[in-house]
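Read through the structure below, which is laid out as structure tokens, and then see the notes.
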Amino acid sequence: MSDAPKSGGPVTEEFLANLAAASRILAAQGVVDAFGHISHRHPDNPDRYFMSKSMAPALVSPDDIIEYDLESEPCNADGRGSFLERFIHGGIYKARPDVQSVVHSHSPSVIPFGLVDEKMCAMFHNAAFVAAGVPVFDISEKFGATDMLVSDHAKSDAFNEILGDKDIALMRAHGSVACGTTIQEAVFHAVYTEVNARIQHWTQALSNGRPIAALSEEEGVLADGPNQGAALRAWDLWRREIREQTNW
Amino acid sequence: MSDAPKSGGPVTEEFLANLAAASRILAAQGVVDAFGHISHRHPDNPDRYFMSKSMAPALVSPDDIIEYDLESEPCNADGRGSFLERFIHGGIYKARPDVQSVVHSHSPSVIPFGLVDEKMCAMFHNAAFVAAGVPVFDISEKFGATDMLVSDHAKSDAFNEILGDKDIALMRAHGSVACGTTIQEAVFHAVYTEVNARIQHWTQALSNGRPIAALSEEEGVLADGPNQGAALRAWDLWRREIREQTNW
Amino acid sequence: MSDAPKSGGPVTEEFLANLAAASRILAAQGVVDAFGHISHRHPDNPDRYFMSKSMAPALVSPDDIIEYDLESEPCNADGRGSFLERFIHGGIYKARPDVQSVVHSHSPSVIPFGLVDEKMCAMFHNAAFVAAGVPVFDISEKFGATDMLVSDHAKSDAFNEILGDKDIALMRAHGSVACGTTIQEAVFHAVYTEVNARIQHWTQALSNGRPIAALSEEEGVLADGPNQGAALRAWDLWRREIREQTNW
Amino acid sequence: MSDAPKSGGPVTEEFLANLAAASRILAAQGVVDAFGHISHRHPDNPDRYFMSKSMAPALVSPDDIIEYDLESEPCNADGRGSFLERFIHGGIYKARPDVQSVVHSHSPSVIPFGLVDEKMCAMFHNAAFVAAGVPVFDISEKFGATDMLVSDHAKSDAFNEILGDKDIALMRAHGSVACGTTIQEAVFHAVYTEVNARIQHWTQALSNGRPIAALSEEEGVLADGPNQGAALRAWDLWRREIREQTNW
């Protein structure tokens, strides 16, 4: 007899396939390497979410998906290991009813903005969501010297205080988190946070201290409207590439 | 009974295949990702142009091509969606009888030059067309805070005032446009605007404020002569790569 | 009758396959190009080690592996050529009983840190091992003008004095060395030294002289704990990719 | 009856296959895109050389190779077009009896060093040949505003005065030339000039005006010794990749 939390109920094969595909999409787009993870809230039960077992994201298949409660306790681990940092996901689903999907990554162009006192700004309309501001979580402020991982509830709570109502947040000397109201949007946010960071590096170098005509906050709100549709179009492209490789 | 504009007359299968291939070439060359589009004026009727339905450019097939009038109204949508920014294309074909093909993209190395007060210059002979000068369109000057998209006639007109008689123009916090007198030239301009931007970033960093011996305007005019042939040679290479993947 | 040193005893096919695969993994990850090498100490006899014959790492197969003593004399060359710089490997195995595997590479992002007076720092937790400090070996200090290669015992000894008890060290105008207590860890150290260098370049540019909130030494020690597991997860991914190509 | 110069005599199929492969290798290594060319002096007749017809280097096959005299007149064009800049090759073979193979390319990282008053230096031993110094040819000094191409004997002569006895030279706002005493060495020089330039860009940025401990001229000479063997090892790897694609 198990103490594991109960399942939130069955989900479709397509739901699981999409979550596994999202994992591989993030690898194909250079957002994750051997590390990083994406989760999706249970479509019928807001108190559960799904995420792969602890493994490289490029290898995830639907069978590797585990269901968790919001304490990040697995419902159906069956001996499969869980990511140490699953608490990031459970914590956000608790704190943010609007969020349906969460990506955690160490995408390389983004990391510098968590190490230096320079704000990420929205360089173009596809990254309009950046214009709302990108907070930086420094784990050492509350917890001193650590292994940098958000590996328990206390650290997850501290992270969520910094994230607030934003879609993305940086983690000093670690990586970043991107949220979405759909899995397509979470993937889109993660990819274009990295793309925006690449563009901003070159823009900063070019500006050499002169002003950068980034999106204003108001332009950011307006330009993010069409991004809902854009996220679906990008997903269609990326999802098809995975399907051609996997047959699911 | 349809209010759609009449077709400008049939075009060859090869014409449509080349336009679809151009779309995929731009994706293969890193000029477009899931977004961006290329159009071609009707070869027999200057008041019509062709462009794919709203979709990722890497996936476009000849069957996805829609015909438009210069108001950017589709002649044969058949329920297929149109790009929000098709007005860029229709507007240019109206304003510029010399232009036969137009690319709109967000290629990443180019965007910084629309955000910072630093002119794009021609770093080498293949980008000689840059030496004529690259104007920057800032949509906020006439329209205040917007979603950044050139999504109607008024915005397209304002863009065309900035473009003038140039082959390329930047759009602040958005992307760029490249025109050509042939589809091969439009693709060539789009690709080498991006390549030139990459080279200029490193050149600016290396110069650190010292002079850059870019092409002069006169050298630009002279060096652009051989680029007509160069565009065809590049097209041969890129077109063949698409043919090997698609059989069209 | 041969003067070659005796073998340290047979090893498994899997051992040799893993070493050959590690060579190809380093090529696939951009750590080595046509040059560079990885070795593994004999699992049963600490006085012997294994490394491929002199060849491009992307082409190494299990049959190309040669056994060496710690003087870097081949036990079973059979006419196959040895790397000129094998003394790097033998020297480290003599000096460092804790080290089981050694990578030597010229990975491009790392080289600048051996040419300029700027320390490599750990930009994120996966490169936590960098926080212990990265010494730079300048061969000219003891040997004047040379061909830059660590091609004999004296140069290897001089290198080992600089390496000390660290996992990685740079070689001025040449490349770097990464050690591990397992082959997985050596590969992980080599890959994430390069990744960290890429991130640090952008961080330095962004900081423009302002402070960089890199991992502290204490954070480095703590964050390197989970990297043992991380190295295995990365290995699983990369090893599988090689297996799909080679069937070993 | 043709006025074309006589052939220097037959060459082996392998000779032509290697030259065609070298063309494709340069494309695969990112040294050439749709443009650029490599030639090889006739092995038995120093007054003739071989180069492909005017086409994208990634597509060259042995059948596309044309023989030229040192005036760059084709012996066997048979209606096939010649590169406008073949005079670069013929001119070097006249001026430099030691040179057996020549590459002309526009490799992107190299171009900035022809535009800014900053010398290329040898960042590591594989680019040791750079330490001898890299002259810059500015076509405008003798010829004023041009199309930038070395498209006749006078321009080729002026280029050769700048090249002198060096292995590589830059061409302002255009590209560069790499020579070798073998085809393997010419390819190696072209590839590692580009790799060295990439590394130097990051090193310059990191140094921010502080000294760079590049190879000294003496170290350059010494370190270039082992590069003969290195060029062969790299060739083995790259040549094999082409053979797997082409069966020649």
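Note that the chains are named A, B, C and D in the order they appear, and that numbering of residues resets to 1 at the start of each chain.
Simple rule for what comes next: contacts are C-beta pairs under 8 Å (C-beta built on N, C-alpha and C of every residue); 3 or more make two chains touch, one makes a residue touch a chain.
Remember, it's a predicted structure, so these values are computed and weren't measured experimentally.
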- Message: Treat touching chains as neighbours: how many steps, at the fewest, connect subunit B to subunit C?
- Response: 2
- Message: Suppose chain centres are the mean of their C-alpha atoms. Which chain sits farthest from subunit B?
- Response: C
- Indicate whether more than half of the residue numbers at the subunit A-subunit C interface occur in both copies; give same if so and different if not. different
- Message: Centroid of subunit B to centroid of subunit D, CA atoms only: how many Å?
- Response: 33
- Note on the structure: Separation of the C-alpha centres, subunit A versus subunit D, in whole Å, is 46
- Set of subunit B residues in contact with two or more other chains: 205
- All pairs of touching chains, each written as two labels joined by a dash: A-B, A-C, B-D, C-D
- Under the touch definition given earlier, write down the residues of subunit D that touch subunit C in their complex. 122-126, 128, 195, 198-199, 202-203, 205-208, 210-216, 218-219, 222-223, 225-226, 230, 233-234, 236-238, 240
- Message: With touch defined as at the start, can you tell me which subunit A residues reach subunit C in the complex?
- Response: 33-35, 54-56, 58-59, 84, 106, 108-109, 111-118, 138, 140, 145-149, 172-175, 201, 204-205, 209
